[in-house]
Amino acid sequence: MKPRLDGRRAALAAALLALALVPAVADEFYVVLFTKILVLGIFAMSLDLLVGYTGLPSLGHAAYFGAAAYAAMVLAPESAPANLLLTLPASVLVAALLALATGALAVRTAGMYFIMVTLAFGQMAYFAVHDSPYLGGSDGKLLFARPVVAFGGAAILDFAEPQVYYLLVLACLAGSYGILRAVVQSPFGRVIQGIRVNEARMQALGYATYRYKLASFAIGGAFAGLAGYLAAYQAEYVNPKLLGWQESGLALVMVILGGVGTLHGAVLGSAAIVLLQEFFSELTSHWMLLLGLFIVGSVIWLPHGIVGIRAWARRARTR
Amino acid sequence: MDISFYVIQALNGIQYGFLLFLVASGLTLVFGVMGIINLAHGSFFMMGAYLALWLARHTGSLFSALPIALLFATAVAFLAERLAFRHLYRRRHLDHVLLTYGFILIFNELQRILWGNDVHSVPAPDLLAGSIPLTATQSYPVYRIFISIVCLGVAFGLAVAIRSTRFGMAIRAGVVNREMVEALGIDTNKLFAAVFCLGAGLAAFAGMIAAPVEAVYPGIGETFLIVSFVVVVIGGIGSLRGAFVGAMAIGLADAFGKALMPQFAGIGIYAVMAALLLWRPQGLFGEKQA
Amino acid sequence: MTGEPVIRTDGLTRRFGALTAVDAVSLEFTAGRIHAVIGPNGAGKTTFLNLLSGNLRPTTGSVRLRGREIAGAPVHAIARLGVGRSYQRTNVFPEFTCFENCRLGAQARLSSSMRFFKPADAYAGVNADAERALSLCRLSHRRDDAADVLSHGERRQLELGMMLATSPSVLLLDEPLAGMGAAEAGLMLDLIKGLASDHTIVLVEHDMDAVFSTADVITVMVGGRALETGTPAAIQVSPAVREAYLGAAKGAPAP
Amino acid sequence: MKQSDFGGRIRFGDRPRPASRRDVLKRGAAAAAVVAVSAVVLPRFAIGAKTPVKVGILLPFTGVYAKLGENITDGFLMRLAEAGNKLGGREIEFVKVDDEANPAKAVDNTTKLVKGKRVDFVIGTVHSGVAAAMVKVIEKSPKTIMICPNAGNNDMTRDSCAPNVFRTSFSNWQTCYPMGPEVAKRGHKKILSVTWKYAAGQQMMDAFFEGFRKAGGGEPLEQIWIPFEDVEFQSILTKIAALKPDAVFSFFSGSGAVKFVKDYAAAIDRKQIPLYGPGFLTEGTLEAQGAAAEGIVTTLHWADTLDLPANRKFLADFKAKTGRTGDVFGVQGYDTGTLLLRAMAAVGGDTAATQQLIAAMEDTVMTDSPRGTWRMSKSHNPIQDFYLRRVEQGRNTVLGVAHAQLDDPATGCKL
């Protein structure tokens, strides 16, 4: 058990190092592309906590992603960069509170109804923003500039350069991964995994499962919010589509494609989707057809997602 | 506003509700009997609308296009079920979501390749093209009345079929308990294929007859899909009666909501759905969850 | 060993529409005894257990745990009061190891599991409870094996272990011997007997040999009613039971 | 891409690629994510001395606005093809990106063109939100010039005007302001407006009522706002008929315009309550609207029936090359081409001479545009004629000029 764990740690460290070197070796275009992958990676990981660990297949997760993005916009000064140290925690808090409020109702349902209720809340959030002139309506709103880290009025770190921003996003991804990994291995993590497999049994053991599901939902919402904040400043633009069901669906596709219940699979799924989109759209203007065929093929032939490929190959070899 | 406003608005709501019912009834049966969340259900509506457009141009009449388009859409559904869905019945809901999301992309892109991105409109058949003048300023299109009548007929036929045929009995059994279907000696493969095709056929039919009142445009499938989801959840998964009541409720709420409270038109139906689920988590006519 | 009843039901009734599954059942369950509930299929035994464990709400009537009304309380609250429950269908967590399954039970005794950062395996007290439960259910040799590789009998043992890890005072056992071979069943019965001294055990079981050889008290349920309660010997000779059983079900109680 | 064989789709050919990539491509697109990774890590195009001029085209090719994107592109490429596909003597390399009318991807897509593909010019786009985000990126890249061939958000050439941002189309204000006096002139008093609830709709309605008030008209009877891109109008129309206004002023485009006009004709007697709007209501949609559009009066800076030699030539050429009927979007694309050709000729193809390029564009006076004479305003928006048009037998017939050489107020622009 121990050596495998160390091997995994080494692989993680190597992956992190490789990702940290991207701005040094790659063209700005790829830096932006990778920023997108990592931001969506955080988003997908946050959904994986719900889908893969707690068994809550949300189809409205983008609501929290978008809520934090809009919080970032509202909190940003009109014509000066915002202070990351203040606005990031505040935006994440907004997402977490929204998740807590909607989750309190949503986690009372299960299965398909849960999917549908989260979809409904997602759509409500979408239309609330879409129909609000104060938030920019369907046109969305531009952000003045990327945030800075400021102490006592003096900016000490500026994320305007895409390379620097990329490193911020990478640090957030690493931090999120570390925290979420700790969470799923904690007593709390064990409980939510038990709930996913058999909620009734967990109740019979004495767990008030509702509270754990709700806590998980709120934590997932918070990390979705972190991703949303980063997405808003990556595009320097917010728009209701950030909260739309297509965005939620895409995150779900990333999680399932990567492999549920693994966390790192979610990041792989995000990388796969972003890169495939990029690759297919260079091939043909009908890239959506290729992406669709890819998704259909992978769900039929890769039931455990990308992270399942290794086990699948191992089995094929030993056969 | 005078009484005619409310009468016409009610007609509008009922007509929209009927269309929603056709889409939602297929969705709810596929949900209920097969346990499949079919995000691509809206694609069959879209397919119907585009086929109506294309065939009506070639045959010169919407009515002669109907049977061909219905046959085609059902055949596509049959193939999709045979080649893809069948392998995934025993998998998680998540895999169904992923699979059908993939199908949405495929169908939408095929639509783009075949028919492009243009907005099209399908003329109503000449017989039904007129409007009935009601007051000095307003009139009601004959075709919309026609839609309501046809849908009423289909809904009635569906109800009779479900109640009194062997196929209908298998469907009812399947909604209550999937294992029971096998115990009754029904070939589930055949039943599932039939239900899937029926659902797709209903959606395609709705798309076809809706084509003259809706502009035919890319993305029309998803527009109807999401609202149909709301209908199904309000009515209760697997319940045709629920789908009907839900569709009428949403249709009327939409018609009056848009006219009387336009600022809440977008959020309204979702708020209604969320509120209802808090009161009855299984929908109006749904079976209580274990 | 007689004393105050640990659980006492009064006029406990549950209706499903027109059907009365449990009909005005008033029983007492005493500590240190194995109290079996038997009866033909559909007699309402499992429904009765579900009323005790909180899985179902009674239509009317009361359930008192050491004098405290628990009817209608949620499952997890009743479980936290020390009522452990096993199910007809095996309910273990297949991806977890045996130890982790038991730890999940032991962890339920923490005041709260809203602990997010320290690894779950770093709680020494919880680990010790889990090890104890594992040895109680005689699966220590399977400690690090995933539950889904266990045999059917071992899974039932593990389920008992999970329950014991929560340190319950009452055990509600729903057909613990179902689907077991003779050797497995013997082991399980042994286990249950060993637990009797410091637990209140309510046993629903179809295997009559087992019931009559282990139970201290037997209640016969027919059509939702508690027909008769007594020692195995008394039940065996009760004419009312005989009649009801022979009239209502395919099998008669073993002689 | 050195040259586009016009009429077909733009290919992405002659970029140097490693052999392995080509092999992969031959094997088809079914390859998995591994391939995607290797494919994306391509060596970038080396910038040498004799490189072609890079023109980025950022327009919607999928979604509701796809047809507009296509027509703009075709008009633009047609104009460049007329000039031999050379800009100031240099070959042209096109980089075409689908913006999906998605503002969330706009900063990314623009950055991709400006920084990744290092284009000299960006042509785009249709959607106002995308255009606003483009302006934001372009502002920070003073070496790149953006020409907007459609999106009419007022602020682009008002508050947020920039030296290297030009527009060849219109401002939303321009398209509706001239209709105010026209409606007032016809004696309508109680006007109801209906449009999608978004910035463009808001700007257009404001402009119309500004004109209406100035011409002695009163306040709006009622303003109805429909969620953006919603096309279910029946209930709204029932309400309009019940309110009995003198006239309705409305803006929709694309699928919305088709459906609104058809539903309007079916539900409301247009003789009693006539319908007015900016030209988009009947632009590129007449075929789909059919008889329902007959008699609708609109204002726009162009009409297919505009009797000018340049327009007749444009329409004939467009039909010949694409098989489709030219529309205002094609014209805007076409004029964008002219603007680019003139400016590049003025600097002899030297894209580094940004100041001169900008000066040349500012001085442009279009005398041979299909829409008639127009010139660039100080704030980089066309000063142009707005025509009064009426749909007659499926075409927008020009009734006259509603407002000659109309200039946007350009409030807040410091250029």
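By letter and in written order, the chains are A, B, C and D; residue numbering begins at 1 in each of them.
Just so we're on the same page, contacts are C-beta pairs under 8 Å (C-beta built on N, C-alpha and C of every residue); 3 or more make two chains touch, one makes a residue touch a chain.
Keep in mind the model is a prediction, meaning the values are calculated, not measured.
Asker: Looking at the contacts, which chains touch subunit C and subunit D alike?
Answerer: A
Asker: Calculate how many whole Å lie between the centre of subunit A and the centre of subunit D, each centre taken as the average of the chain's C-alpha atoms.
Answerer: The answer is 35 Å.
Asker: How many angstrom lie between the centres of subunit B and subunit C, each centre taken as the mean Cα position?
Answerer: Chain centroid spacing, subunit B to subunit C, equals 48 Å.
Asker: Calculate how many whole Å lie between the centre of subunit A and the centre of subunit B, each centre taken as the average of the chain's C-alpha atoms.
Answerer: 32
Asker: Using the touch rule from the top of the page, what residues of subunit D touch 2 or more other chains?
Answerer: 61-62, 227
Asker: By the touch rule stated above, which residues of subunit C touch at least two different other chains?
Answerer: In subunit C, no residue touches two or more other chains.
Asker: Tell me, which residues of subunit B touch at least two other chains?
Answerer: 112, 263, 266
Asker: Should the pattern of chain-chain touching be classed as line, ring, star, complete or other?
Answerer: Per interface graph, the chains form some other shape.
Asker: Going by the touch rule stated at the top, which chains touch which?
Answerer: Here the touching pairs of chains are A-B, A-C, A-D, B-D.
Asker: Enumerate the contact residues on subunit A facing subunit B in the complex.
Answerer: Per the stated touch rule, the residues are 51, 57, 59, 105, 108-113, 115-117, 119-121, 123-124, 127-128, 130-131, 245, 249, 252-253, 256-257, 260, 286, 288-289, 291-296, 298-300, 303.
Asker: Mind listing the subunit D positions that touch subunit B in their complex?
Answerer: 61-64, 66-67, 70, 224-227, 230-232, 234-236, 238-239, 241-244, 254-255, 258-259, 262-263, 266-269, 272-273, 285, 288-290
Asker: What does subunit D use to touch subunit A in their complex?
Answerer: Residue positions touching the partner: 9, 12, 25, 29-30, 33, 35-37, 39-41, 44, 61-62, 98, 102-108, 111-112, 115-117, 128-129, 132-133, 136, 196-200, 227-229.
Asker: Looking at the complex, which residues from subunit A come into contact with subunit C?
Answerer: Touching subunit C: residues 179, 182-183, 185-191, 193-194, 197-198, 200-209, 211-212, 215, 219 of subunit A.
Asker: Using the touch definition from the top, list the residues of subunit B that touch subunit A in their complex.
Answerer: 31, 37, 39, 84, 87-88, 91, 93-95, 97-99, 101-110, 112-113, 226, 229-230, 232-233, 237, 263-264, 266-267, 270-271, 273-274, 277-278, 281-283, 289
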